[in-house]
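Next come two complexes built around subunit A: one with subunit B, the other with subunit C.
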Partner chain A sequence: MERRTLIKTFAASLLAGAVLAGPALAEGTITIGASAPKTGPLAGGSAVTYWPAIQLWVHDVNERGGIDVGGEKMKVELIEYDDRTSNEEAIKNIQRLATVDKVDFIIPPYGTGINLATAPLIAKYGYPHIAVTAVTDGVDEFAARWPNSFWTLGTSEGMATSLVDVMKKMKDAGQINEKVAVVNVADAFGIELANAGKPAFEEAGFDIVYETSYPLQQQDFAPIISSAMNAGPDSFVAFSYPADTFGLTKQAAIAEMPVKVFYTGVATAFPAFAGANGAAANGVMGVGGVNASTEAYQDFAKRQEEVTGVAPDFWASPVQYASLEALEQAITAAGSIDKAAVIEALKSGTFDTIMGEWKFDNNVIRSFWTVGQWQDGAFQGIASKGAGGEAEPIVKSGWK
Partner chain B sequence: MDILITGTVLGGTYALIALGLTLQYGVARIMNLANGENLVLACFCAFWLYTAASINPVIGIAIIAPAAFLLNWLIYVYAMKPLVDRAKNRGQLEVDSILATFGLMFIMQGVMLLVFGGSYFSYNFLSEPVRILGANYGLNRIVALGAAVVIAAGLYLFLYRTRYGTAIRAVSVSPSSASLVAINVPRASAFAFALGGALTAAGGALLSTFYTFNSSMGVIFTMKALIIVIMGGVGDVRGAVLAALLLGLAETAVASLIDPGLTLAATYTLFIIVLLIRPQGIFGRQTA
Partner chain C sequence: MTRFSEKEQRVAAFALLGFGAAAAIPLVDDGYYLSLSVNIAMYAVLCTAWTLFSGPTHYISLATAAFFGIGTYTVGLGIDSLPFPLLLAIAGIAAAILAGLVGVATLRLSGVYFVIFTLGLAELVRQVVTWLQTNFTTSVGLYVFTDMTEKHIFWMLLALAAIVYATGWLINRSRLGFAMRIIGNDETVARHVGIDVARSKVILFMVSGAFIGITGAILAPRFAYVEPPSAFNPVISFQVVIMALLGGTGRLWAPLLGVIPFTILFDRISSSFPNHTSLLIGVAFMAIVYFLPRGVIGLIEDFRKPRAGKAGTVAPVPEAAE
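On to the complex of A and B.
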């Protein structure tokens, strides 16, 4: 009997200790929740672009003592949830972060579709929603509908028309003919880019000789590549997601697809793309890009690899990091972790990030990279909306 | 012509995915939902052997398949055997094994996520073009097709031309009668389950040479394998190969002639048609 009482007392004091210690510990910290795919079709993408940039930022902030909030340094604690690449799961995660974990800030999910699906909920709980991995034409509409939302990576129209501009210049210079094959993944990103790209191609005098869409989990691309080849285009354009980007490129290399422009979507900018395709990657164009020669990018890439073991991509990784730098500076500017105050600070402030100086224009960053190309082992930005430092495009010659 | 060859090559790939499950489900009567995870695990092992020790994936099978055999034997003896023993009839065993392997699937997926993370993996092995009748095909896919033919033929010979193979077929027809003619049923079942796992792993090693894979995509393979096994007739190697070829051809034809978005629809349409005409599968026996 006595022993049991002893244990009870011990347990009770432990519990009391935990309860007392809990708030004392939490006082100096800002909790930040993140929900994105760790499993499912988009997990491969978020494992390159999303999670490592966030981990690096948390590491950086805590290393320099925390975020300056009204003179007090507050450390950051990260809560990570897996949304299994499912909208429903993502919504549950956001709900949980807001109501159970009661986090101070939320880092919005990965992927256009899931960002849009969770936006109403994030708005309802009043969190700033700085979307990075969301490319959509609705940025102005969404920014008006959810004044807490900020859009940083550009518009699908911008991405697609910029590609058409690059290709039109090549056509006018006689480097390619007017025949183009356009395929897309049947998901928000692919559909939006295809819808913006196809009319732009026609307007620029291109002839779309083959077009199709394929589902998100497609594994076999031989039929698409061979059908496209039968149509005999000089250019092949795929608005694709990571797994299909790899699949299409491999298949095109095997078939020795005789094209002079080969463009794929998300993941072309991943370091693994060059690793998987070797010399065949040279000349492949893709969505995104970055000025890879800037000191800020190279420093970021080096540190992310040191801290997380994962090399960043040449597109959204630095933007993901920059979005968190903006959040941090907005918190400091607001002098509190009050969500509404931070949203106001984001709207009006100017932020010094690794992507250069950021100032939101009606909640949207208007300068962004649109097209990149693998040139001698680096994915160089070749077109942008006002980012500056573009490289000249080259004609793709063979797959060896 | 293009469609025929591409479809056959794809069919060979599907046969590799499904042959192991045919044995596991047909003989050991375990509906192994972790089949795809087993395959992806083999992909990772092949990847790792190739990149870290530069062991050719085809030779790597010599390491991966026995390891998978052992792993699956252990899984059967420690995780599945108790279910077999307590099941009163086949239906109950099926439900229990589905639940158990469903759990196994999450365990394997979780372990792979922990070890390898969620990223995509791929490497270049034999990804050079071969010219067949005026069009290029990946050499690695042709190798996989060849291996599928060898594995299927070997399995067929083993099951139909050897004594132990006949015993295994006897177990698949009727476990209770098989034990009457002095066949060690638990042992034969464990052997079939382990052999099925080894075949799946061999398939995975070959697939890894041309598929881009990550930790969480096992379920896609499981679905394909399930459809093929049920379509071909449970436990029948010939049926599984034929179903795999049919599926490969149908998918390629639909993707080339109609729309790549409809391949999944084609798969399930074919599945439904076969089940409507022959509910027991192409080579399946009427269940007594």
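On to the complex of A and C.
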């Protein structure tokens, strides 16, 4: 009997859901699909950078009544899928969004590899592909290959050379000596950065006194830190991934590594980095950054924490949000949810975002943040390619 | 050898029908259902190729990701200079050579030692590839841009599946297959009756590895961007073992019984409950292991042979030994 009641209730609620959802979907709703890791190796990153920014944007849009499409306000409905950090799942999810759910727009996945793996499909179905969490030197090639794709977070080459520029200025000002230790994780982003960074260091008159690479998922960083310390550099640069960013910093703090520049890679910009390292984080440089003192960023950070309970990072989170602002404004500019019209609007339009004014130059945003530094509890951008509002770098002094 | 029994003719007719129906899928839908079918076909080939070796020998191999990655990388490295079919052949040969080397070194190991070695192998190959790329090239990713679409990949996987089944069937009828069944039941006995145990195992491991390598090569164009973490993803190794065991390994076609329902089930779970995928998949696994300890094929055999009341493993050896 109980089971029968249960089934009845279930059927009734399904029916009610269908009746209620039917008309709501039929008019005035834009469905937007998103597929990214909720589980697997990249889930930690997407839980900070990707999902909360999207949830906040959907919340914001619906709160102000929806997106203005040719004078009509259309609310946004989000469909989320977990790609389990796997290319096969991601491809299938995009197919499902495009052909089964028939969503109006797709928010591209998280991570360089998965963005590239799904790009041909997103192009096939004619959706605008505004990639955020994909840093690669191939942006112009990809923008030409997939004219529907837009690239926003910058290039690895820009990230690495910009760091060298910052350090060269510090060297010329007599704040640090010419000795530098450079280590990198033997994985995509780490290698690209190291390959761009090392020649740039040498060209800028630095002496690389210690260099090594270590495999992904290395646990013990004591040997690297002590070898680097033995070489006696003023600067320690690690092109690292999240786990090793935390590991290297912890180890350097334990060893009280006497360096004046300490740089780590991905995840230095995460709020959790300051949480895990406390006062030791002060003065640590890292990839990314944002102008954390602007009203736009602070308002965004405060509201994201209120709405989603997750604090944004100081690099890609605001860019993820800005990419959705650009999409929204392009839809309004196009005056319809026709994908081709929106792509055209993205190509030619100027967008007012929390990252400032955006205008795509051949489908690429050329101004982006490259180096940030923890200064009094915020990860301030200290170098960028034309973003503006950089803070002055400070010399790292101690680990307490 | 030359004449087919009536049962074999029936099976062949069924197989032809099945392949024909599957080959028509891309004509019906080239969206989501095709993508799902590609995933099913991929795991069907991987699990069947895995079962070729692990079924009769009872050696659990976790090296699938290593062979798969070798295949993917072969295409990634050669796509600009060599024709695709040739790359498929090279991928198969490269994976077979790797399997041969590994086999010679390790197939004297048995039980858990072998499992752990194969698990380490995928990681080892991945690190070697990364090291080579770090030191001799400028970046770790490789781009595979082709005109191939999911449709082409699906048909290639189907063709490969047909070859795997045919090979498996031929091996079962051959002296090698007979030797494998004896080895699987009792290696000491096999050695005593004069079977070159190590050689037989190495050959079969190479055949299995070659097919897995070719699967990796076929899928490379689908990834577009090949990098070590996705090419040598250890999840592939585990998923293959789990699906094959869920289907059952006693028969060549049994893994299919695991692959099809479970790919669809996992897909349902991950689309309906995107925030609780791992939890629900875990629960599903436990339920399956609890209720279907011998895999789906065990269930089917229980239905078909109600008179054989024994719940032990169904060993094909006694029939074959007659």
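By definition in this document, the second predicted complex is superposed on the first by the 374 of 400 C-alpha atoms of A that agree within 3 Å, B and C clash if a C-alpha of one lies under 4 Å from a C-alpha of the other, contacts with A are read in each partner's own complex, and residues count from 1 in each chain.
The definition used in the following text is that a residue touches a chain if its C-beta (ideal position, glycine included) is under 8 Å from a C-beta of that chain, and two chains touch if they have at least 3 such contacts.
Here the structure is a predicted model, which means the values were calculated and not measured.
A.B. asks: Is A:89 in contact with subunit B, with subunit C, with both, or with neither (first, second, both, neither)?
C.D. replies: Touch partner of A:89: subunit C, not subunit B.
A.B. asks: Contact-wise, after the overlay, does A:120 reach subunit B, subunit C, both or neither (first, second, both, neither)?
C.D. replies: second
A.B. asks: With both complexes superposed on chain A, which partner does A:80 reach: first (subunit B), second (subunit C), both or neither?
C.D. replies: Once the two structures are laid over each other on A, A:80 reaches subunit C alone.
A.B. asks: Touching A:38 in the superposition: subunit B (first), subunit C (second), both, neither?
C.D. replies: Both partners.
A.B. asks: Of the two partner chains, subunit B (first) and subunit C (second), which one does A:219 touch, if any: first, second, both, or neither?
C.D. replies: first
A.B. asks: Would you check which partner chain A:398 touches, where first means subunit B only, second means subunit C only, and both and neither mean what they say?
C.D. replies: neither
A.B. asks: Go through the superposed model and pick first if A:65 touches only subunit B, second if only subunit C, both, or neither.
C.D. replies: Neither partner.
A.B. asks: Return first, second, both or neither, reflecting whether A:246 touches subunit B, subunit C, both chains, or no partner chain.
C.D. replies: First partner only.
A.B. asks: Can A:227 be said to touch subunit B (first), subunit C (second), both, or neither?
C.D. replies: The answer is first: A:227 touches subunit B but not subunit C.
A.B. asks: Quick check on the output: what are the common subunit A residues between the subunit B footprint and the subunit C footprint?
C.D. replies: 38-41, 186, 213, 215
A.B. asks: Which residues of subunit B touch subunit A in the complex?
C.D. replies: These residues of subunit B touch subunit A: 2-3, 6, 9-10, 109, 113, 117-120, 122-124, 127-129, 135-138, 210-212, 214-217, 220, 251-252, 255-256, 259-261, 263-264.
A.B. asks: List the residues on subunit A that touch subunit C in their complex, please.
C.D. replies: 38-41, 80-82, 84, 86-89, 91-93, 95-96, 98-100, 112-113, 116-117, 119-120, 124, 136-138, 145, 186-188, 191-192, 195, 213, 215-216
A.B. asks: Going by the contact rule set out above, which residues of subunit A touch subunit B in the complex?
C.D. replies: Going by the criterion above, the answer is residues 37-41, 43-44, 46-48, 183, 186, 212-215, 217-220, 222-224, 226-227, 242-243, 246-247, 250-251, 253-256, 267, 272, 276-278, 310.
A.B. asks: Which residues, counting only subunit C, touch subunit A once they are in their complex?
C.D. replies: Listed in rising order, the residues of subunit C that touch subunit A are 29, 31-36, 38-39, 42, 127, 130-131, 133-134, 138-141, 143, 145, 149, 222-225, 227-230, 233, 235, 267, 270-271, 274-275, 277-278.
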